[in-house]
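Same chain, two partners: chain A is paired with chain B first, then with chain C.
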Partner chain A sequence: MIIDGLIEGLSNIVDPVLLGLMFLGVLIGIFVGFLPAVSGLLGTALMLPAIVGMKPLMALPFLLALHAVSYTGGSMTAILVNIPGTGPNAATLIDGFPMTQKGQAGRAMGAAIASSSLGGMLSVVFALIFIPIVIPLVRLLYSAEMFFIIIMGLSFLAVLAGSSPIKGLMAGGLGLLFSFVGFQSTTGIPRFTFGSVFLLDQLNIIAVVIGLFALPELIDLATRRKTIALCESAGIGGWTDVWEGVKDVFRHFGVFLRGTVVGYIIGVIPGVGAETAPFVAYGQAKQASKHPEKFGTGIVEGVIAPESANNAKEAGALLTTLAFGVPGSAVMAILLGAFFLVGIVPGPEMLTDNLGLSFTMLLGIAVANVMAGIVCLAFAPFATRITKVHPDYLFPVILVLGLTGAFAAGAQILNLAVVVWFGVMGFFMNRFHYSKPAFLLGFVLGMLFEHYFWHALNLQGPFFFMRPVSLLIILAIVLIFVIKPLKAHFRRASRKRPITEA
Partner chain B sequence: MKNDRSVKSIRALVMFTALSALCVFAGSMAHADMAEFYKGKRITLIISSRSGSSVDLVGRTVAPMLAKALDATVILKNMAAAGGMEGLNYVATTAKPDGLTIGMRDSASCYLNQLMKAPGAQWDIATLKYIANIQPSPMVLYVTPGGPIKTIEDLRKAKGLKFSSISPRGWMSSVITGTMELLGLDGKMVSGFKGSSASALAVSKGEAHASAVEGYTLQRYERKGQARPLLTTGAERDPAYPNLPAITEIVNAPKDSVALFMAGLPSGKLMFMPPGTADDKVAYLADVTWKIINGDEFKTEFMKRVGTNVWKKNVTGAEFAKLAKEMVARKTLGKEMLAILQKHRS
Partner chain C sequence: MKMRPSTYLVITTLVVTAVVIAYSLTYPYLESKLLPVLVGSILFILTGIQLIKELRLPEDTSAPMMERAPEYGLIECAPSAAWIVGLCLAIYLFGFMASIPVFVIAYIKSHGRGWSMAIGVAASLTAFIYVVFIELLQVDLHPGLFMDFLS
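Then we have the complex of A and B:
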């Protein structure tokens, strides 16, 4: 049956009309991802009226193509101007922008585009292989397990903390605190809102990221009066640099592969959030690296890890959305609406009776990633020229783009105040060396941490951690953080022994 | 004498017919005026819910049909911030009452948020103008398929039940806690699940024992093997589940029982206009919308998009306005509902 579905999916996907429509979706996706003012979420929502009346076989791959590649476009602005095009691109700017400052924008973009496109394609292979076990696997995960998965993500705070672990933890704690603004999810009680209706919702991540990362950088750009690429002797970043970035993905294939696996797994788990995957992938890459101290200074592994996870999570998220109708992210929620709009009702039968359509969508993600990779690689050498533009011209453009992006994220004018607030915070965090990535990880996972904790406690009782699957995840967390120091310890011990013996 | 009486009756009949004709004529003239007013205009349909939600889907179904009927442009705008209250707040407090702004939201959320004084709720359901409430439906209680609870009696006997729900003060929570109160169930409601699908997934996995949802959505969950329907919480049996008893058949609660009110709350997709909108505009739009939502085209599209084979009665704007006023008149209703919610939630 799976083979039949695969053959049907393959024959559907080579339809020239569908390919043309998907290419259009890819172009729109890259464009909306590239512009922080629009974002993939808004782009997908804006396209909803366009699919009314279309056949599901045309409409759904078109929307998926648009959505799946918006992160590829979003990485470009993160790397070039420190503004993530979409929320999940926030992890890319930690190393992407410093690379640009070092004059390696082309290389960073090549690595980002290649890793996100290849990650997207590889995750489709994972999805096809794991279709039979995804549903039983997801059914094993209760709130307790979700809580420990979030804990696993939060434990990377220690990795993202930077040179001072105490300051890193403080920044992470502050991020957690800011994530609690708004309605408490299980009681509906508003917190830290000061009577403001605007603050009832959680603070918008795009506005927070633009404020925290882009605004201090803009102030710096304006006062420094030098181009973004600090290294004057560096080239603009032509084809050679971009190609170098592509080759980097194969040089650091382990980082890429682990990032893709992390992205796929987090994508499959409903309710963990789209922003979680790239941060966990980044933290994991840093933790496993032989030179973790170089992360954050502009190294290519710091771009490959989050970008490979970014697109990889989509194939996983699609499977869960199809099987359970539970969207893993805000965009998946819109896509879920699109399914109903064209008369498709998600359910496990999508992975049994409707396999043809499901495979068409999955293969559509792979094809869209190929298309996006080609388009973005062709565009990258031109985009990197922005790094050599004089700040007098660049400053107003980036400022307007950033502020419009913050406004468009939820169409709330007060998001501009959020940008300014976090801009000031970002400025002081830079000055006093508090880790902004640690803050962001705390902010992204804080709400989920609290949510799943209360659910686990209320649904499974105070001994919720005693479930076998929970114990396995706890063991995995311990192993992740114990193996490396243990290995280092034994290595040191084995080096010392011959000396003492001598 | 007899002749006089018959002459009088004939005269009265003529007068009545003439008056009726005059009313119909005046009405049609007013309708003609209104038709002229809306021709070529731009109407904004504010969806007080996110893109892709069920309210949004119904809004996207109605909008083009409304545009065609009015020969106008209908623009959809999602305003879902503040837990979905943004759009309703906007229509109630900021939008001009010029007849060109229509709001849309789940009807139950409109009055529950106000009655229970939800933080951020700025509207008054007694002052809004109503066009129609599309396909209001009560909820159906369901349990884990293959679990130990197979009958209502099993449910009543069970200890430490856990019900999954979405918003802590929303419609689902109100229905669940009302039902728990009426049936005297032992357990608690755990809210905060992100959507009815997530709540259903928790029940199907056995993480929670039970939950509630509209009949047509439950049909989908049942097809997926995620739910075992047990009881219609409304006053009457649900056409989607004609064999399931309604809660009124099981418990003997007084008609003004707050718990019965909470459990039996139906909710539809409510279309409304800003307070102060001219009555003739509201009446005209209500009339046009009524024809649309009872037409075959809408019926077919609605059933296809929500994935059901069941069609229920729509409610007119005037009927809903009456209901809204009655609810606001029950001064202690909100407090009593909150007390029941507090009692049964975790």
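Then we have the complex of A and C:
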């Protein structure tokens, strides 16, 4: 049955009309992703009226193509101007922008585009292979397991802390505290809102990221009055540089593969949040690296890891949405609406009766990633020219786009105040060497951490962690942090032994 | 024992954290206060340790935790920060579509560039914002308090 479905999916996906429609979706997706702070979510929502009357086989791959590649477009703004095109691209700017400052924008973009596109394709292969295993496994996940998955993400705070662990943990703690602003999820009590209606809905992540990362860099750019690429002798990033970045993905294939697996697994788990995957992939790459101290200074592994996870999570998220009819994210909720709009009811039948359509959508993600990779690679050498534009022109343009994007992200004028507030914080964090990625990780995971903690406690009691899957996740967390020091210890011990024996 | 600029930041964090803990304790249910109090307390302890570390550092140390001498002072950065705050205020009062061209022209001209480039960049950027955000994405950009008042 699976083979029949796969063959039907393959024959559907080569339809020239569908390919043309998907290419249009890819172009729209890259464009909305490229715009600072405008995500694929908005693009997908805006395209909903366009699919009314379309056949499911045309409408759904079109929307999926649009959404699946928006992160590829979003990586470009993160790398070039330190503003993530979409929320999940925030992890890319940690190393992407320093690479641009070093005159390696082309290489960073090549690596980001290749890793996100290849990650997106590989995750489809994972999805196809692991359908029979993943679905029963997802059924085993309850709030307790979700809580420990979030704890796993938070444990990477120690990795993102940088050279000063106390400062890093302080930044992470501050991020957690800021995530508590707004309604508490289980009681509905407003916290730290000081009577403001605007704060009830929590702080918008896009506004926080623009303030924290982009504003301090803009101030630096305008004060320095030199181009973004600090290295004057560096080129603007032509084809050679972009191609070098593509080759980097294969040079660091382990980093890419682990990022893709992390992205796929987190994508499969509903409700963990799109921003979690790239940060966990980044933290994991840093943790496993032989030179973790170089992360954050502009190294290509720091771009490959989050970008491979970014697109990889989409195939996983689609699989869960199809199998359970439960959207794992806001975009998947919109897609679920699109399913109903074209007369399809998601649920277990999608993996039995409608297997052909399900495979067409999964293969559509792979094809969209190929298209996005080609389009973005063709565009990359031109986009990198921005790094050589004088700040007298660049500063107002980036500032206006950033502020407009921050406003558009929540349609709230007070988001501009959030941008300024976090801009001030980011400025002082830069000056006194506090880890901004650690702050962001705390902020992103804080809400989920609290939500799942109370759910697990209320549903499963104080010993909610005494479940087999929870214990396995706890073991995994311990292993992540114990394996490397243990390996180093045994390596040292084995080096000393011959000397002692001699 | 000398107070460095970073020490003031640590002290501010310590005070803010103490206020957060005290404020959290006023919330009615355990669910709403437990984690803010817990995270706040951990942060308070970490900040206290950091404060002790900073105060114990000798004045001429080059230990890694001491902040690097910033490339630019606060005074040098103030004009750029003022442009940012100015644009935010202008948007709040006069809306996006009125503030953007005026801001772009004012910024580029004040940095000694020609009129043609200033007007060209301003016109292109305003057109881009209009077409993409208002026409294509259908975002209702803030019209400004002043415009609201006039209408």
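Annotations
As a convention for this text, the second predicted complex is superposed on the first by the 494 of 502 C-alpha atoms of A that agree within 3 Å, B and C clash if a C-alpha of one lies under 4 Å from a C-alpha of the other, contacts with A are read in each partner's own complex, and residues count from 1 in each chain.
Rule of thumb we're sticking to: contacts are C-beta pairs under 8 Å (C-beta built on N, C-alpha and C of every residue); 3 or more make two chains touch, one makes a residue touch a chain.
Bear in mind the structure is a predicted one, so any value in this text is a computation, not a measurement.
In the overlay built on the shared chain, the residue A:177 is in contact with chain C alone; chain B does not reach it.
With both structures placed on the common chain, the touch criterion links A:333 to chain B but leaves chain C unconnected.
Of the two partner chains, chain C is the only one touched by A:400; chain B is not. Of the two partner chains placed around the shared chain by superposition, chain B is the only one that A:198 touches, whereas chain C remains out of contact. In the overlay built on the shared chain, the residue A:187 is in contact with chain B and with chain C. Judged by the touch definition given at the top, the superposed model places A:454 against both chain B and chain C.
For the contact definition in use here, the residues of chain A common to its chain B contact set and its chain C contact set are 186-187, 411, 454. Of all residues in chain B, those touching chain A in their complex are 50-54, 56-57, 60, 64, 76, 78-79, 81-83, 85-86, 89, 118-120, 122, 162, 167-169, 188, 190-192, 194-195, 197-198, 201-202, 204-205, 207-208, 220, 223-225, 304-307, 345-346.
Per the touch definition, chain C reaches chain A in the complex via residues 5-6, 9, 13, 17, 20, 23-24, 27-29, 31-32, 35-36, 39-40, 42-43, 46-47, 49-50, 53, 64-65, 67-68, 70-72, 76-77, 79-81, 83-85, 87-88, 91-92, 96, 100, 103-104, 107-108, 111-113, 117, 121, 125, 129, 132-133, 136-142.
By the touch criterion stated above, chain A contacts chain B in their complex at residues 44-45, 48-49, 52, 139, 142-143, 183, 185-188, 190, 193, 197-198, 200-201, 270-271, 324-327, 330, 333-338, 340-341, 343, 345, 347-349, 410-412, 451, 454-455, 458-460.
The touching residues of chain A, when paired with chain C in their complex, are 32, 35, 38, 42, 46, 163-164, 166-167, 169-170, 173-174, 176-177, 180, 184, 186-187, 189, 191-192, 215, 218-220, 222-224, 392-393, 395-397, 399-401, 403-404, 407-408, 411, 413, 416-417, 419-420, 423, 427-428, 431-433, 449-450, 453-454.
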